[in-house]
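Note that the chains are named A, B, C and D in the order they appear, and that numbering of residues resets to 1 at the start of each chain.
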Amino acid sequence: MWLQTSCSLEFDAPVATPFLLMLRPRSGGQQWIAREQYVLTPSVPAVEFTDTFGNLCQKLVSPTGPFTIRTSADINAADFADAEPYARFVPVNHLPIDALPFLYPSRYCESDTFTEMASLITANCAPGYGQCIAIVEYIQQSLQYAPGSGQEIISAAEANTRTQAVCRDMAHLGIALCRALSIPARMVVGYLETLRPMDLHAWFEAYVGGRWFTFDPTQHDLEGCRVAIAYGRDAADVAIYTQFGEPLELKRMSVDVQRLPGPPT
Amino acid sequence: MWLQTSCSLEFDAPVATPFLLMLRPRSGGQQWIAREQYVLTPSVPAVEFTDTFGNLCQKLVSPTGPFTIRTSADINAADFADAEPYARFVPVNHLPIDALPFLYPSRYCESDTFTEMASLITANCAPGYGQCIAIVEYIQQSLQYAPGSGQEIISAAEANTRTQAVCRDMAHLGIALCRALSIPARMVVGYLETLRPMDLHAWFEAYVGGRWFTFDPTQHDLEGCRVAIAYGRDAADVAIYTQFGEPLELKRMSVDVQRLPGPPT
Amino acid sequence: MWLQTSCSLEFDAPVATPFLLMLRPRSGGQQWIAREQYVLTPSVPAVEFTDTFGNLCQKLVSPTGPFTIRTSADINAADFADAEPYARFVPVNHLPIDALPFLYPSRYCESDTFTEMASLITANCAPGYGQCIAIVEYIQQSLQYAPGSGQEIISAAEANTRTQAVCRDMAHLGIALCRALSIPARMVVGYLETLRPMDLHAWFEAYVGGRWFTFDPTQHDLEGCRVAIAYGRDAADVAIYTQFGEPLELKRMSVDVQRLPGPPT
Amino acid sequence: MWLQTSCSLEFDAPVATPFLLMLRPRSGGQQWIAREQYVLTPSVPAVEFTDTFGNLCQKLVSPTGPFTIRTSADINAADFADAEPYARFVPVNHLPIDALPFLYPSRYCESDTFTEMASLITANCAPGYGQCIAIVEYIQQSLQYAPGSGQEIISAAEANTRTQAVCRDMAHLGIALCRALSIPARMVVGYLETLRPMDLHAWFEAYVGGRWFTFDPTQHDLEGCRVAIAYGRDAADVAIYTQFGEPLELKRMSVDVQRLPGPPT
């Protein structure tokens, strides 16, 4: 499926302000970027680098006054998200080295406090994919998905005390529960073509059966047509923008995803 | 100063248990390992790898029954910890790429919740090293250092509600406050020759004036003769051992540091 | 200076053929990509990865029959190439770790065989930038620049026996001579706005005075308006395409660079 | 098999001389270092870093006058080198990213010039392990192994014109021929317990059937009990020491490997 994604941010900064951004999806094993743009208005110098998770990050200082960041991309994304109900738990000593960072607790996924709860939730599951499914079902039963209802970033422990949640909270809870079972789990921020109202989306991936699988507690039937912008341990790693210094108001943000008839020519 | 460090761990595991360890200090810019040993009894296969922070990590599965890990090293460590009162704050856009991960909140350093407090504590300081000193002094005034008083790992936010703290808690608080000011800060676990009673120690480093500086809220006069075992964002990254599966009792742990008369010959 | 670069390759493959490509310039400290496209016709799956030099590389299998790769980008490039006649030689023990790979001999830069010659050429130079300039002047005196005259990749040692050379040969010789003096030197393949006839171009960078500087033996006055596509030790590392299996004819290749009136809006 | 390896180097430098060394074997998937020492006499500051191949490297400046480097290690090495006659060729597009650098020609392995010869030698082989075996047999037929006969490093192309060769030359030729068939191949420098006369040894690994396999053209029956010190594309990457500035005489070098009765206690 060919998709055209776009995301724009508008600021009005009283003083020059340093930003770290993560707004350039990269071509990898799962998606191919055929066209892409990243326009800063006014144009300011920007430096790009790769973080420890492989995300393309941009470093810049906004000018004083109005500042707009507009990105868009034509991307070939997988039509379906793979599922493999019999994918098995991988013992820690057989995990690939680069999955290990996703075993540890992180800012918003206090997996060290979820051990008992994770065991209960997955009591009757075959170790692996089945445990992840049980976790997703638990989240769906205990939290009502309420798109756009939350602005402040809350942790898995906090989310677990609530009744409503945004996609990010549900992903945090899923990640914390997986890690509590020694299943590596990571957060993904990106685009989902079918999301309504359209917005950026967050879901998670868990490592079972020798690869990463997509899980999305906001959906009862897991859909494809996803574009990953950034991977990380939790929301602290994958903010599409982080602004330093005096807090700055995001005046406007728009996100869009359109199907394209085919590859660009 | 030449030091001989040693650390031993003794377990008695009812079942074979996967471990990730971080017990091999590595030679770097600050310390040189001239002799080293890492003995597993009974001997089991172990695999070593480097994590994203550059730490040497070991992966193994303990046998059923008694299992001992004994490490020791002869190390040339700096006699003094550098201080540079006029080292200046480095704006985020001028930070080196590898300092950036240490700007973000992490599991035990919820820097996103310390912004206001950090500003108050450092209200009259020149940005940079002086801010770090004010943070250390604040920690020393508000928390009494009580070696060995705490087993459970608590976060900076939790430490900030207490009156007593272990070295790890004080480091977490220092790190969270530095990051709240956009100063990269990281945790160090290692040996400190003058520590009494002898144990592993934790302190932190902050990036100001173009390099990392050592800060140790447990000391009024910053001492040298330190050996770093591991660097990370907080205690979640630098556990000297992480054990997976059924919780396992650490039956005995011993730590020792001795001065050596000179380099090994 | 805003530039629009483009490069297209046309193949007609009798059998499906694996390719490794390096055709996506990346945003870094020296250039910013505001718009970019990478179109495969027919569209085939492609995977992107980063090599050890930080280049974005693409892995794909061409279909049987006609296959076209068309790339283009709108890029903000530096107007001028910095020069700093007094930049000093950096002793090996003070070099940054990531400059060290560029000290060693490589496939087409047999620096181990150029020690004596490099000393002679730079006999009266202050160590550092001045040595590099002397090397460039030596190349210009001994080799006539003949754009497009050479297809086979030849090494620095071979180039040194000739009277005419393409940009790649001159860069190889410059790199070999620098390394023979313990000056890290690397090859750059990219676009040069003023090149006539237009083509891809190759030049080199040397590390003196604490940073990389651009040197281009094909020019008497060093020009800016350069876009780097790939960095490496020599031509073996920076081929814009490497094709595996039965040799395949490149039927057509076109390269273009145009000035843009300003940043994209 | 537990082995005790040691390697000492003795210099007498008229001036302080920068060195890059690679003399600390590291624990990995194939070998475990239980004890290790690295003694510099006189003691000078040294900095350790990891190169792009994962080797531990040391950077130091020798003092004026006598300077000795003595290293030793107690290591658990595999008793046997795996062989798997049916391991299959891995098409380039299915190779793991970190095997790709070992496909390209390098300083001493001009694989680009061996395409035809490699095809002839392996004409009747199943693609993969069988091709590697045919290459090893070809080398054994065309070159007589003459330990210690060569000091100057020669390339695969040069080795191919001779009748006698050292281990390094044979490895270079093996690597060049493998790469000419699109089989990733890399050089290993290390210890071989059965080598007579004892010395450092060089062999190569080729990537077939989804993993690296050991090949050693100096042996008719491939033996185990090997300890890897360094991996690289060829001898240019894995010199155990590289000395910069005025050439310095290595006054004495000694290498030893002893069997140990069992793991250290």
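Definition applied: contacts are C-beta pairs under 8 Å (C-beta built on N, C-alpha and C of every residue); 3 or more make two chains touch, one makes a residue touch a chain.
Just so it is clear, the model here is predicted, and its values are computed rather than measured.
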Which chains are shared contacts of chain A and chain B? none
Would you mind checking which chain's C-alpha centre is most distant from the centre of chain B? C
Inter-copy rotation, chain B to chain C, in degrees (Cα atoms; steps of 5): 180
Chain centre separation in whole Å, for chain D relative to chain A (CA means): 43
Which integer distance in Å separates the CA centroid of chain B from that of chain D? 36
Where chain C and chain D are represented by their mean Cα positions, the distance between them in whole Å: 30
Which residue numbers or ranges of chain C touch two or more of the other chains? 49
Looking only at which chains touch which, which shape fits best: line, ring, star, complete or other? ring
Pairs of chains in contact here are A-B, A-C, B-D, C-D
Which residues of chain C touch chain A in their complex? 24, 26-29, 32-41, 43, 45-50, 54, 56, 58, 74, 76, 262-265
Chain B residues touching chain A in their complex are 18, 20, 49, 51-52, 57, 59-61, 91-93, 97, 100-101, 103-107, 110, 112, 153, 182, 236-237, 242, 244-245
